[in-house]
Amino acid sequence: MSLLPLFVIVPLGAAFVTPIFSKFWKGFSDWWGNLASAFLMVLSLWCLRFSTETIVYYAGGWEPVDGIPVGIAMVMDGLTVLMLIIINVIAFLVTLYSVNFLKNYTDRGKYYTLFLLMLAGLNGVVLSGDMFNLFVFLEIAAIATYALVAFGVEAESLEASFKYQVLGGAASITILLGIAFFYHLTGTLNMADASRLFADMGPSPAVIFTGILFLVGFSLKAGLMPFHAWLPDAYPSAPASISAMLAGVGSKVLGVYALIRIFFNVFGMTVMPSLLTIFLVLGTLSMAVGAFLALGQKDFKRLLAYSSISQIGYCIFAFGLGTPLGILGGLFHLLNHSVFKSLLFFNSGAVVYATGKRNLESMGGLSQRMPVTGTTSLVGSLSVSGIPPLGGFWSKLIIIYAAVESGHHILAGVAILVSIVTLGYYMKVQKLAFFGPLAAAYQKVKEVPAFMCISMVVLALLSLGLGLLLLPQLREVILDPAVKVVEQGMGYAEMVLGG
Amino acid sequence: MRGMTLIVKSITQLMAPSILLLGIYIVMHGHLTPGGGFAGGILIAGCFVLIVLAYGSEEAKSEVRKWRATFSESFGIFLFWFLALLGLIQGTYFFYNIIAKVNTGQPYHLFSAGIIPLCNIAIGIEVGAALFAIFITLVVFKVEENL
Amino acid sequence: MLTPLILLLVLMILGAIVALESKDLLSGIISLGIIGFALTIIFLILHAPDLAIVQIVVETLTLVILIAAVLKTTREDTTEKLDTKKVLLWGAGLIFIVVFMLTAVKALRHLPDFGLPTLRMARVYIDQGFSITGASNLVAAVILDFRGYDTLGEATVLFTSVAGVVTVLRKVGRKKS
Amino acid sequence: MIVFILAILLFLIGLYGVLVKRNLIKIIIGLMIMEYAVNLFFTLVGFREGGTAPIFSEGLSDNVFFVDPLPQALVLTAIVIGLGTTALMVSIAVRIYEKYDTLDVRKIRKLRG
């Protein structure tokens, strides 16, 4: 299966030549970036054929010696396929959106170089079956993101980027220390191999300490509640297309995916019994506090950033339930959130593009002048607040049902309450920005250009139709294999190494 | 940044070529002795940095120089990427050491270990150009009082 | 063997404290250099010549970059006043450090002691690395053959950071409409 | 054991710098100290009592054994990654100084919260 490395090779190769060619040909980077991401999107959808299998690819052809892996393993299972689809579909729409959106920025070539590198990093993280390899690709994605957040080189984006870098850097170093302990403990870096060893080891203090280091590091990357300080600054200050990528994909892959993979598949529940409780606490905290902080925001993108914290809280909360239904809800919500949060950030970008303002109170009646943006943002808002029959409704329903089923009645109540609060602040956005009388200053505002509209419409259609994924035929292909991977826990070792 | 005194300049003239040579040696012998593409590449960058520091940054400001650094950087890493891809093109594995599997070469000799020395050279070009690019962008950058 | 190691580590810790507490940023950076160069010697003691070479050149270049940055900006550290908030922060930090240290010590007790690591993945590298790859420097064999994919990632990190530096130092990022 | 503890102490000193210091350059120094500490820790992990550097040479006697080469390879990667992050952080700090005319974190707050 030489399909796996292509997910990393293609964006890397595309990124390496971009700086050279974009010097001679101004428009090169636009279609080059779109071409690369379109190819990757098709490739990721093609991988759906293999979603029920576990494919292992050893880079360099280094097969295990005496059952101990010596090279770097790339692993593709159901969860990886799901994440690859999320990453590459959103990435394609982001590049499409960027074609018009970048009109206000200089130096497209560098934007696409960094974007492709970020894409390569995210794909690499998802495909990696090796702790250190995961770290390296995490760093590629992170460094590209730091630079992209500061892409506007204005005072506030630089400040946000620095804050993000300090916390992100501390997180990376903590993760690296975790890997050092991990290696000291097991003598291997392969996740599946280590998982086998952890199963024999049981919950010794060394294992727990290593786990804590990873938990802190990846929670920082995910922006969960006690570790969220960078997030509400970084998302609003970045260009909207990058905010969409970061909120929709970045923090999920670097944070949530890595947390799930490491704690469910590598350490396993037997080793860290109190882990589920930690997930529940972190999830509930992020969910509730994020929503209440969002309620008071006047800045469109800042509100979306707090809402992201709250929605990621839902996902972690669902994983913390630990039941198959909860895991299904968590993964499904992850997918939904990627779609509608990217859509909403695109909408905010469109509003900024057309009016130059982010403050909600200065807007009003924009739907009249920008029908596409207005309608799609309405769809996104309804989906995020969980109105049937949109995608967001189903995932929240599953999560709340799973919470009730596993006996967490109070927490289920909190989740419902947060959902109502979410509806509240999104209706506020709709009322302030898109409905009501059109402000005099915006009489001449025009709808955004075609490519931006296309990507918004595609995402709106997706969030309308995502509920269909629960149909048994589709569920079997997309969601169930991923749920199975998380649910099997340490069975991951057998799936990867065989026997 | 202005250049430094005549003493510094003369010593730089003496030192720079030998540093460059040492860098190239370390890159080439990465698979035999300690060192390799990274250490050697940084040394090569260090040689150019030394020249810029001694002779002043007027020299480094030219766009041509900046473009050369960017180009060599992209070229070096593209070469490394391509070497990694060779195995895949040949129908084996990504990052397969295609030469070593056929003929390992004589141990302890310069031409041994398959693609490892080639990778070292590619990395050496990339790292040297990358660090020099970082340095000149930072040096050329002028903080403006715009408040 | 252990004594010089401990002495160097203590030197590094002292260097770190000076680097963080000195009022002049330039001397802070020079103290950082002490840590870096002490680390180089430690790498030599630990029989890691590859690391020593890389560390010494990286350290030199980092110092040049940092000093260039300080010369472009300002040498003075920001003044800080002692107030109740600060004292509370200190207290919390101290508690955190003690707890972290105790947990780490407890964890380290259950790990192999210094000098006696478990070899699992590395066993193959040491036993067969030379004969399979033909590279007599095993570190080179590991980074460019066994784990070449990581090294591609590493080179990419450097490429990314150059692209980032060039991007960040553009004069104008966003056009005024 | 004692060397591991000292390395972790160094890590914590760096963390202290990151959390408490109010100067951008000092924060970068703190991060670099953390980085050094982790690199050191990783190399210490790979050391084997009585081992030599993992380089074959002609006429190497049979009873010689090597230290673990894998942590060395990983630390090599980590050092270069650290250099990349530091360079980006320094350039952002320089740029922030240009915009705000200060390196004090408390004065750099256009963003709320």
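For clarity, chains are labelled A, B, C and D in written order, and residue numbers in each chain start from 1.
In this text, a residue touches a chain if its C-beta (ideal position, glycine included) is under 8 Å from a C-beta of that chain, and two chains touch if they have at least 3 such contacts.
Note that the structure is a prediction, hence the values are computed from the model and not measured.
Judged by contacting C-beta pairs, the busier of the interfaces B-C and A-D is B-C. Chain B and chain C have centres, each the mean of its CA atoms, that are 22 Å apart. As a whole-number value, the distance joining the C-alpha centres of chain A and chain C reads 29 Å. Between the CA-based centres of chain C and chain D the separation comes to 2 Å, rounded to the whole angstrom.
The residues of chain C that reach two or more other chains are 49-50, 54, 58, 61, 65, 69, 72-73, 104, 108-109, 117, 119, 121-122, 125, 130, 136-137, 139, 141, 143, 145, 147-154, 156-162, 164-166, 168-169, listed in rising order.
The multi-chain contact residues of chain D, meaning those touching 2 or more other chains, are 45, 53, 55-57, 70, 74, 76-77, 80-81, 83-85, 87-88, 90-95, 97, 99. Among the residues of chain B, those touching two or more other chains are numbered 33-34, 38, 70, 74, 77, 81, 84, 94-95, 97, 107-108, 127, 131, 134, 137-138, 141, 143.
The touch graph of these protein chains is complete, with an edge between every pair of chains.
Taken together, the chain C residues at the contact with chain D in this complex read 2, 5-6, 9-10, 12-13, 16-17, 19-20, 25, 28-29, 32, 35-36, 39, 42-43, 46-51, 54-55, 58, 61-62, 65-66, 69-70, 72-74, 77-78, 80, 89-90, 93, 97, 100-101, 104-105, 108-109, 113-117, 119, 121-122, 125-126, 129-130, 136-139, 141-143, 147, 150-151, 153-154, 157-158, 160-162, 164-165, 168-169. Within the complex formed with chain B, the chain C residues making contact are 49-50, 52-54, 57-58, 60-61, 64-65, 68-69, 72-73, 130, 132-137, 139-141, 143-145, 148-149, 151-152, 155-156, 158-159, 161-162, 165-166, 169. Listed in rising order, the residues of chain A touching chain D in the complex are 132, 136, 139, 143, 146-147, 150, 153-156, 158-162, 165-166, 169-170, 172-173, 176-177, 179-180, 183-184, 189, 232-233, 236-237.
Interface residues of chain D facing chain C in the complex, by the touch rule stated above, are 1-10, 12-14, 16-17, 19-23, 25-26, 28-30, 32-33, 36, 39-40, 43-49, 51-57, 65-70, 72-77, 79-88, 90-95, 97, 102-106.
Chain contact summary for the complex, chain B toward chain A: residues 67, 70-71, 74-75, 77-78, 81, 84-85, 87-88, 92-97.
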